[in-house]
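Labels run A, B, C and D following the written order; every chain starts at residue 1.
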Amino acid sequence: MADLEEVLPALAAEMAERSDRGEVATYIPQLGKIDPKRFGIAVALTDGRVVTAGDADEAFSIQSISKIFTLTLALGKVGDALWRRVGREPSGNPFNSIVQLERELGIPRNPFINAGAIVVTDVLLADHQPREAIGEILRFIQFLTDDDTIIIDRDVAASERATGFRNFALANYMRSFGNLTHEPEMALGVYFHHCAIAMSARQLALAGRFLSHGGLNPATGHSVVSAERARRILALMLTCGHYDGSGDFAFRVGIPGKSGVGGGILGIVPGVASMAVWSPGLNENGNSKLGSIALEKLAKIMNWSIFAP
Amino acid sequence: MADLEEVLPALAAEMAERSDRGEVATYIPQLGKIDPKRFGIAVALTDGRVVTAGDADEAFSIQSISKIFTLTLALGKVGDALWRRVGREPSGNPFNSIVQLERELGIPRNPFINAGAIVVTDVLLADHQPREAIGEILRFIQFLTDDDTIIIDRDVAASERATGFRNFALANYMRSFGNLTHEPEMALGVYFHHCAIAMSARQLALAGRFLSHGGLNPATGHSVVSAERARRILALMLTCGHYDGSGDFAFRVGIPGKSGVGGGILGIVPGVASMAVWSPGLNENGNSKLGSIALEKLAKIMNWSIFAP
Amino acid sequence: MADLEEVLPALAAEMAERSDRGEVATYIPQLGKIDPKRFGIAVALTDGRVVTAGDADEAFSIQSISKIFTLTLALGKVGDALWRRVGREPSGNPFNSIVQLERELGIPRNPFINAGAIVVTDVLLADHQPREAIGEILRFIQFLTDDDTIIIDRDVAASERATGFRNFALANYMRSFGNLTHEPEMALGVYFHHCAIAMSARQLALAGRFLSHGGLNPATGHSVVSAERARRILALMLTCGHYDGSGDFAFRVGIPGKSGVGGGILGIVPGVASMAVWSPGLNENGNSKLGSIALEKLAKIMNWSIFAP
Amino acid sequence: MADLEEVLPALAAEMAERSDRGEVATYIPQLGKIDPKRFGIAVALTDGRVVTAGDADEAFSIQSISKIFTLTLALGKVGDALWRRVGREPSGNPFNSIVQLERELGIPRNPFINAGAIVVTDVLLADHQPREAIGEILRFIQFLTDDDTIIIDRDVAASERATGFRNFALANYMRSFGNLTHEPEMALGVYFHHCAIAMSARQLALAGRFLSHGGLNPATGHSVVSAERARRILALMLTCGHYDGSGDFAFRVGIPGKSGVGGGILGIVPGVASMAVWSPGLNENGNSKLGSIALEKLAKIMNWSIFAP
């Protein structure tokens, strides 16, 4: 196996020179201000080592990657009852499509498109005020990372709220079918805040370790989720983690991953590594362009693929 | 690891007793005549052993499972140029949907829905008469299985042809966009014949070994496809192999698979096993009902999941 | 020509006996309380006579019929510039569909589906507070009817507001495309109020006279809109006035009409009559069931059709 | 009333000078060869006069205008039973869309989109060989025009057949739902031939007279269809006669019309005139660009609108 300590810096250097970096998301104004030259990568191995390169300690907006953590919490709360309100199929449509909701009577296709993640957030609001629900999500991520300096970027949250008309449309639409139990305003308040959590690639890689460890937190040895649930979350990441580019990511990279429009991707090699990459420019499917390429190259060099013998 | 020699017979016995067997496909009249009580399973391990139970030596119509073999052949012929004519994303629609083709200008979502498989078949017709293309596909499967008794059930092929109006619609529709280079009649002639190949679960498990072996034919040690191509075919099977139930199969079973409306499923555990199951009754997504359940139980008992550490 | 004074009472009597009255709309709770046995009809002839039968003086919620009056006002404000924000084509979809908006980038198909009427309302908010815009619409209807006792039923408006999640979805969705210039909350506040205007069949028939009179208010002889604009509003009523049942209404009744889920329909025979019918039970397209039948019968008896020589 | 003898030549002269003539349809190769400079117009008044200007005696391919005549024949054969197989609503989609058919299980929206017209043609095949059905349609048009020199342009028919993959898709698709009783090949054989009928504007205006005359053939005084059926065909023309531009045509021109991709439009002013215009260049909806404009101007000058008092 190639030596990660050599591979990652070389990869970061190669990425630094590329000029085809994609476009930084501008529909959330705060995200549009990020320097597209940033690139960071971090790999947390199951043996405890963490290897990084580039801007791996600079915090960025994790955006939709937060949907992994909210899904984990919601499954902990209501278990498989969640699947009565959210599907488990790839959507075949962009991340914020509303068409599918009309045809399928308000049941979102999966928990990683916006509509599905809003329902997941609605679950987390049960018996909670929005402030408490936000706090629960943040503390869960801090716990996974063992780092209580992680915070929510309230400027980003406010920026999303001010321009998030399509998410308001989705929430109201599901409410009209009875698949939202709180006011759209409340569910989206929590949703915009958890999307605005800021983490570095290093922190994100650490937070994902329970998924590469069969559900265990390797720092403590305690179970975060059951081994079966960890596998199932990974299956959802593989089939639905990159919106309408999920099939291509599985084809090229061959590992479960979840992207965010902030330019981050969390990738999991079961039993081997949790890794996070960050490059703010996006490809045509709204996934980090260089991040996807870097993970593809890294997986190839390290021979990391869930489809390999 | 549990002992397959004990597990499979017990599984077959359990399945024999279930009354919720789904509905046998009737839109192809020949398939509607099959006894829904049939159940067979076969596992070809990478160590060379083949374990079976139930009706594992009875031939059934492999139908869409043939799409794995035609895809493999087409990639051998034109390589990645294939992807200019077929996508690699889950469709989010039933297997024979035409809606997506209108929106995406005649480019099918992936090679495992009918429209995509028809384009793949069109590729195999280059420089060939239909009869030659059919022969090439059949010989490839005979070669993989090392069994030249495998045949095409011409009654099934004729039955599909007589009622395959929707496939004629798909073919003509793609032809209108220039994404079919032969007459619909010709491409579908080949398509209906390769779907009508009849194999037993044992034969099918043997035919899939190259995918569990990193592209090698374990009987000969020779390469069928490169290791990378084997991984990529598996990725497509995972994300697209069960039509609009692909996400659910990945979630429940956790391995790449490909189903056919004849009631067969081929499942691959990389580095471990190629397995085939057959039970003619289908669930609401058109996938074998008991076959899916049996694979889920088997994967759980054997701890076979590509998402496990 | 048959004598209306005899025809209308006979028609009302016939309708009173029918048991197939459709279903009263229940998604707006206040509307669900209406007695389905109600039936009223009023015809305002261009010679000044008004003939009525049944519950013609009982006020009901005009709902979407108000969209004729807001469209008229908006065209007066911005003229043909309105058509940059709203189309003029039948939608081929139910009244509250959001699918078409995604495909056509936030431009509603026509001003009579909900999304289009919300944009029209947005136009009326320019330089106005919501309260002023509501007042302007109400006064316009009072002016057309020459009856300042017409009011808004605030219970109905509040009821719609509390359950109007789908309209909030539509408004937010269009806002995300920049096709709403005010906050959804504001535009919908006005929208829910003008839908909640309560009028009797007699009042409604009087309010529609300018459309049967080539744009003139027959009571005063003054122009409300130009003759060309009157014709064009009638063309929109014919092609789009009954949602996804517009073609059928044109086919059966043969005159321009506009329905509301309160059970009212306004129908116009150019040069001859403005007529209003009310029966609260709706057919499967959300249009008054007996109202449609009564207009079809009346048009046949009186030989009123814009398609007749 | 303005004098048509002066109006038409002036209109033809004005149209001759315009350079914005749209694009000639090229998807049927034979049609692509037509000179876009052609313009002809003919008006057959109910008083028996026929006024023409421009290339009014040059034959062109009537294409979809033939759907009026096949609909009339099919209603004569099966009456209202036709509406169990074809809808009466505007489609909200382009003329050859297949999306709606999937959602509505093979029932086309109306008889004027391609799918609907193919079903209508299927009706005409009952108890007939294709050759006989084609003959019946041609003779009906010859009878209406009192001109047996009208022929089918077999080069155009062959050209459509060779490139009509999308129509083959529609036909096969409806066949899969059981809404086509003959082989697609047969129904389309007849369809392509009746679309290829060649007529001059003068002939077409004469053929449409029964629709402006309440169903009577003014040349003979005999009934072609009942007055009610004539009105209903006109209603369908108004709501569905210009595909996805039907609403706009009703809004601008204000009379029932039916267009064809050969550049012809037949327009009817009930009780007044049947008129035909021809200009081969099409607008973005596939309707004659200058033809639409000419009819709009003519209707305005003559004050011809079914929405006028």
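One rule holds for everything that comes next: contacts are C-beta pairs under 8 Å (C-beta built on N, C-alpha and C of every residue); 3 or more make two chains touch, one makes a residue touch a chain.
The chain lineup, named per UniProt: A, B, C, D = Glutaminase.
Small disclaimer: the values here were computed from a predicted structure and weren't measured.
Counting steps between touching chains, the shortest path from chain B to chain D takes 1.
Counting the residue numbers used at the interface between chain A and chain B, over half appear in both copies, so the two copies meet with largely the same residues. The chain with its Cα centre farthest from the Cα centre of chain C is B. Work out the mean CA point of chain A and of chain D, and you get 55 Å between them.
Here the spacing of chain C and chain D, counted between their Cα centres, is 32 Å.
Interface note: chains touch in the pairs A-B, A-C, B-D, C-D.
Across the complex, chain D is touched by residues 97-99, 101-103, 165-166, 168-173, 175-176, 184 of chain B.
Contact residues of chain D toward chain C in the complex are 46, 87-93, 100, 109-110, 212-214, 227, 230-232, 234-236, 238-240, 244-248, 250-251, 254, 256, 270-272, 305-309.
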